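Two complexes come next, and they have one chain in common, chain A, joined by chain B in the first and chain C in the second.
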Partner chain A sequence: MAQLLDLAVSALLLGGLYATMAYGLGLIYGVLRVVNLAHGGVIMTGAYLGWVLHERLGIDPYLGLPIVAVVCFALGVVLYRGVCARLPRGAAGGAPSLLLLFGVWLVLRNIAYLVFTGNDRVIRTSYSTESLPFLGTFLSINRLAVLGISLLVPIALHLLFSRSLLGKAMRAVAQDADSCTLVGVDVERIYSLTFGIGTALGGIAGLLSATLFAFGPAFGAGELLKSFVVVVLGGLGSVGGTFVAALILALVEVFSILLLPAYLTPAVGFVLLVVVLVLRPGGLWGQRVLG
Partner chain B sequence: MLVYSRRFTVIRGLCLATALAFGGSCKKPAPSPEERTEIRIGATLPLTGAEARIGGFFKEGYELAIEQANQQGGLQLGARRLPVKLTLLDDTTNQATAVSLADRLVNSDKVDFLLGTYSTSLVEAQSSVAEQNHVPYVNGGGAATATYQRKYQYLFGLLAPVELLGRTLMQWIDDQQKAGKLPRPSRIALLWENTSHGKDFRRGVSEFAKQAAGSYELVVDESFELNGKDFSALLGKVKAAHADLLLADAHLPDYITLQRQYVSAGLCHQLLSYGARGAEGAAREALGQENVSYILSAVWWSAALAEKSALSKQFVELFRAKYQRLPDWYQALGYETARVLLAAIQQAGGSDREAVRQVLATLKLPSLLPGGEVSFPAAQGGQAYYPFVVQQNLPDGSSPIIYPKEIASAEGVAKNPRCGAH
Partner chain C sequence: MRSRPFEAWALLAAGVLGLAVLLLAPNVLDRYILNLLTLTLLMMSNALAWNWMGGFAGQVSFGHAAMFGVGGFVAARLSLLTGLPAPITWLVGGLAGGAFALIAHPTLRLRGPYFSIATIGIGEASRLVFTYWEAFSGGASGVSLPLVAGGKEALYYWALGFALLVGAASVRIRRSMFGLQLLAIRDDVEAAADAGVNATLLQDAMLCCSGAVVGITGGLYASYFSFIEPNDMFGFDRSISFVLMGVIGGLGSVLGPALGALIFVLSSQLLLASYPELYLGLYGVLLILIILFEPLGLTGLGRRLLRTLRRAQAARARGART
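Up next, the complex of A and B:
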C-alpha cells in the first residue's frame, strides 16, 4: 500500500512536469497548426537562461521565471517574424515548417555548445534536495513547485482565452484565420504573439526542468518527445486535455514498473501513443480549438 | 589550361601504368624510417555532447603525456629522437562520428597509431576501424569485457573489467559484514545502467552474492536507461524493498540525477555506491558535500595513490604543475594510455605498426595504475587486469582509499551515519 502511494505521488509530480513541458507545444499547434520542432531547443534555452540568472546574478530560479518568460517571449516573436512568417499558412506550411524549425533547434543547440561548452550544468539552490514528509513519503519541494505551476498555467490560459480580447482573437484565428482577416483581425500579429507565448511557456518548462535535472546543449530532445506524446494524447489544441494527458502518461509510466523492467518504462508512453492514435486519432478528448 | 590538362593526363597515365605493373596505387607512400620527421598519433574524444566533461579530462591526460615526451626531445627510436604529434578530433559523443573520424585519421591524415576515445560504446564501435586497418589502438575509456571478447589483435585497453569493480566493492563489503558491521544477510538493491558496462557491474556483484550463499540477498535487480531523467518510480521500488545496501552503476550525469532524487525522496542506506562514480568534484558542486558524503566508489586510480607509488606521485606533480589542481582517475587513465603507447613505440624502435602491436601484446610496463604494472593479457582479449581501489567520500571533502588494505589510507565507514538523522 505504501509503495502504491509512493508511486501515485511520483506520478502526480511527474505529470506536472510533463504538462508544463507540453503547454507551449500544444498552444502553438492549436493556433498556428505548426508542430514546433524548435520546442526542445526552447526548453534548453530556458534552462540555460535560468542557470545564467542563478549562477552569474544570484537570482533564485523561481524569481527568475518572469525574466525567462519575457526573454523567451521575445525570442518567440523574433523567431516567428524572422522565420515562420515566411511559410505558407495552415496545413500548406506543414512539411517546410518541420524542417525549418528543426533547423532552428540545431542552431540553438550549437550556439549553446559555443557559449556554454558541452559540460553538464545544474541549478543548485539551498532547497534543491529538500522535501516535505507526507503520509510516510517525501515530496520534493522543487517537484511540488513544478506541479503548482503546471496547474496555474492552464488556469491562466483559460482566463486569457475566455476573458481577454487577445485570447478571443487567438481562438478565432485558430478556428479560421482567413475569415479573421476578412473581419479585420491582424492574423500575423496574433500568430506572432501566440508563438511568443508558446515559446515563453517552453522557456518556463526549461527553467523548471533545470531545477530538477542536469542539462547540457543536447537537453530538450527527450522533453520534446514527451511533450509531443502528451499533446497528441490530450487532443491537439486542448489545454485542459494536455494536463490530464500528462497525468495519464505519468501514471502509466510510473505504475508500469510494477510489471515491467525499469528500462522499458520510458517506452510505455510511446506504446500508449500508438494505441490512442489507432483507437482515437483525435486524442483522448478529440481535437478542439483551444478548449 | 590545355598544357595543365595534358600534363595531368600524362601523370594519370603513368600512375595507372605503375599501378597495373606493381599492383599498387598513386597514393603518397608512407615515409621511410629515415625520411620520417615525427610520430603521428591520432585520437578522438567526446569534447562535446553527453560525455564532454570526461572527454575534456582525457584530453588533459593525453596532452600531458605527449608534452612530457616532447620536452624530453621526443621518442628515442634507434639513433634518432622524433617528436610526437597528436591529432585530436571531437567525436561529439556519437558512435557514427567516432567511427568516421577514426577512418579519416587513419586513411586521410595518415596517423601511425590511434589512442582511444572515452566510453565503452564509442570504443566498441571505433576499435573496429583500427582492427580493419591494422592500426594499434590503445584506449583508456572502454571497460566492458564484451569489447575485448571479439578476438581483436590491435585493441588494447587500460581499464580493468567493470565486473572486477563490482567484485572489489563486494570484497570490502564482505569484510565489513564479517566484522559484524553490516547485517547478515544484507539485502542488496542493485541498479545498473542498461549497457554492457552496467551488465558487467551487475555480473560482478550478483555472482559474488551468489557465491557467498546466505550472506546476501538481492531484493532489487533493475536496469535503467542511460541519460535518464526521472528515477522516481525506480527509487520507489528500492524504498519498498527495504534494502540495506544500494549498489548502482551509473555514468556521471545519471549519478547526479539519481542521487538528487534519492536524497529528495528521503532515502538512506547503510551503504551507497554508484560504481566508479562518487568522488567527482562536479558531483560535489551539483549535489553539495552533505549529499555525497559516505558514498563508496571503486575506481581504476586515485590521487591518494601518490602516497604509495612513485609513478603516481610523479604524475600528480606533473598534472598539478600544468593544471593547478588534483587529477581524477580520468586524467590519470588518459595520461597512462598515451604513455603506454609511446613506451611501446619506443620499445619497437620505430613506427612499424606490426612491431608496435607485438610489443603491446607482450608488454609489462611499470605503471601508476594499482598493482604497479600494466600488461594486456591475451586471455583477457588485450584488456588490462589489475585491482581496483575502493574509496569513500568523507564529510571533509576528501575521498581516501579504504581498500585494498595494503594501500588504504583510512578505514571505511560501513554504516552511513546520515541514516540516523532520518
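Up next, the complex of A and C:
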C-alpha cells in the first residue's frame, strides 16, 4: 500500500514536470506550426543554467527559477528572430524547419559540452534529502516544491490565454494568422513572443528536472520525446487536457517499473505514443494535432 | 541546350575515368586511404538510401542507425553461429534491417514531425535494448567477427559494387512512377491521396527498402572492421551522420547525397582528429547554414554555379555577335 502511494505520488510529480515540458512544445506548435526539435536542448540549457546559478552563485534553484525563465525567454526570442524567422515561408512546417531546429539542438549540446564537460551534474540543495511524513510514507520537500510549481504553470498559462490581450492574440494567430494581420496584430511579434514563452517553459522544466535527476549535455532527447507524446495525447485544445495527458504518461511510466527492467523505461513513452496513434490518432479528446 | 551533348559526353568520360580509378585503387593506395575510401563507399550507400525517405518522400529520419545496427549485428551473429559466407550474412542483415524498419509502421501512417520524432524514439530505444541485450550484441564490449575471404580488398570491391548499385537504384526510383508518387507525397499528401496515391503503402515500401540497404551496409561495415559494438552502431551520432550526408549533398537530389557522404567522411576524419570536442556543434552550424542559405546543399550550389556559367557564356556570345 505504502509502495502504491509512493508510486502514485511519483507519478503526480512526474506528470507535473512532463506537463511543463509539453506546454513549451505544444505552445510553439500550436501558434507557429513548427515542431521545435531544439526543445530537448532548451530543457538541457535550463538545467545547466539552474546548476550554474546554484553551484557558482549560490542562488537557490527556486529563487533562480525566474532568472532561468527570463534567460530562456530571451534565448527563444533570439532563436526565433535569428533562425526560424529566416526560414523560407511555407517551409515552416516541413522538413527544413525540423532540420534547422535539430541543428540548433546540436549546437546547444556542443556548447554545454564545451562549457560544462560531459560529466553528469545534479542540483543538490541543503533540503534535497529532507522529507515530510505523510499517510505513513515520506514526501520529499523538493519533490513537493517541483509539484507546486508545475501546478502553478498551467494556472498561469490559463490566465494568460483567457485574460490577457497577448494570450488572446496568440490564440487568434493560432487560428488564422492572415486575418490577424488584417485586424492589426503584429504576427511576427506574436510569433517571437510565443517562441520565447515556449522556450522559457522548457527552461523551467529543465531546472525542475535538474533538482531531481542527474543530467549531462545529451539530456533532453528523452524529454523531447515525452513532451511530444503528451502533446499528441492531449491535443492542443486546453491547458487541462495537456495536464491529464502528462499524468497518464507519468502513471504508465511509473507503474511500468513494477513490470519492466529500469533501462526500458525510456521506451515506455514511445510505446505509448505508438499505441495512442493506432487507437486514437486524434489524441484523447479527438482533436487531431498534426495534419 | 546547344552544349548539352558535350556536357553529357564529359560526364560520361568523367564517370568512366572515375570508375577506372576506383577499380584500380586497391593496387595503388595505402591502407589508411583505402580504409577511408571503403568507409566513404559504405556511407554513400547509406546516404543515398536515407535520401529515399528524407529527400524523395520528405520524411526526415533521425533514427536510421537502428537499421544499420540491426543489419550489422544480425550479420555478425549469423556468421559467428553458422559460418555462412559473408555475402549471405549481409543479405540476411539487410532483410532484418528492412523488417525492422517496418516495426515503425504504425507511426508511419503519420508523416512529417510525427515520423521524425518517432524515429528519434526508435533510435534511442533500439540503442538501449541492444546495449542491454548482451547475449546478442555483446553489450558494451561488442562482437568480434571472423575475417572475410579476400580480406579488406575484397570488401572494398563489395562496397564499391554496392554503392554503384544503390546509386543506380536511386536514379531508377527517381525516374519511375514510384518516385513521382513519393515526390507527390512530400509536396502535398492530401492532394496525392486524391490523385490515387496510397501514401502509407508507398512510404512503407520505401522505408523497407531504405532500411534493407542500410542493413546490408551495416553487415559490410561489421565485416570490414571485424568488430562492432552497440553504442557505435546504434549511436545518435550515427543517425545524425546519415542526416548530414543527405543534407550536405542536397536533400532530395538524386546523387547529391553520395557527394555529401564523401565530404562528410573526409571532414569528420579531419575534425575528429583535430577538434573532437567541437564536431557535433560544427555539424549543427552546418545544418543551420545549409537549410537557411542553400536548402539543396552541394547540388544547389552546383546548379547555381552552372547557371552563372551559362549566363556568362550567353553574354559572351551576345557580345561577340554585336
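Here is the rule we use: the second predicted complex is superposed on the first by the 267 of 291 C-alpha atoms of A that agree within 3 Å, B and C clash if a C-alpha of one lies under 4 Å from a C-alpha of the other, contacts with A are read in each partner's own complex, and residues count from 1 in each chain.
To be clear about the criterion, a contact is a pair of C-beta atoms (placed from the backbone, for glycine too) under 8 Å apart; a residue touches a chain by one contact, two chains touch by 3 or more.
Keep in mind it's a predicted model, so treat the numbers as computed, not measured.
Asker: Determine, under the contact definition given at the top, whether A:Arg280 touches first (chain B), second (chain C), both, or neither.
Answerer: It touches nothing on chain B or chain C.
Asker: For A:Gly222, decide between first (touching chain B), second (touching chain C), both and neither.
Answerer: both
Asker: Looking at the overlay, what does A:Val83 touch: chain B (first), chain C (second), both, or neither?
Answerer: second
Asker: Output check: A:Asp6 vs chain B and chain C. Expected answer is one of first, second, both, neither. What do you get?
Answerer: first
Asker: Report for A:Pro261: first if it touches chain B alone, second if chain C alone, otherwise both or neither.
Answerer: both
Asker: Looking at the overlay, does A:Leu106 come into contact with chain B only (first), chain C only (second), both, or neither?
Answerer: second
Asker: Counting only touches as set out at the top, which of chain B and chain C does A:Phe270 meet: first, second, both, neither?
Answerer: In the superposition, A:Phe270 touches chain C alone.
Asker: Which partner chains sit in contact with A:Arg189 here, chain B, chain C, both or neither? Use first/second/both/neither.
Answerer: So A:Arg189 meets neither chain B nor chain C here.
Asker: Looking at the overlay, what does A:Glu130 touch: chain B (first), chain C (second), both, or neither?
Answerer: In the superposition, A:Glu130 touches chain B alone.
Asker: Identify the residues of chain A that lie in both the chain B contact region and the chain C contact region.
Answerer: Residues 113, 218, 222, 261, 263, 266 of chain A touch both chain B and chain C.
Asker: Name, in rising order, each residue of chain A that touches chain C in their complex.
Answerer: Those residues of chain A that touch chain C are 35, 37, 83, 86-88, 91, 93-96, 98-100, 102-111, 113-114, 218, 221-222, 224-225, 228, 232, 261, 263-264, 266-267, 269-270, 273-274, 277-278, 281, 290-291.
Asker: Which of the residues in chain A end up touching chain B in this complex?
Answerer: By the definition above, chain A touches chain B via 2-3, 6-7, 10-11, 13-14, 17, 113, 117-120, 122, 124, 128-131, 133, 137-138, 140, 142-143, 212-214, 216-218, 222, 253-255, 257, 261-263, 265-266.
Asker: Which residues, counting only chain B, touch chain A once they are in their complex?
Answerer: Touch residues, chain B against chain A: 46-50, 52-53, 55-56, 93, 191, 194, 222-225, 228-230, 232-234, 236-237, 239-240, 252-253, 256-257, 260-261, 263-266, 282, 285-288, 291.
Asker: Quick check on the complex: what are the chain C residues that touch chain A?
Answerer: Checking each residue of chain C against chain A gives 54, 58-60, 62, 106-107, 109-114, 116-118, 120-122, 124-125, 128-129, 132, 189, 236, 240, 243, 247, 251, 277-278, 280-288, 291-292, 295.
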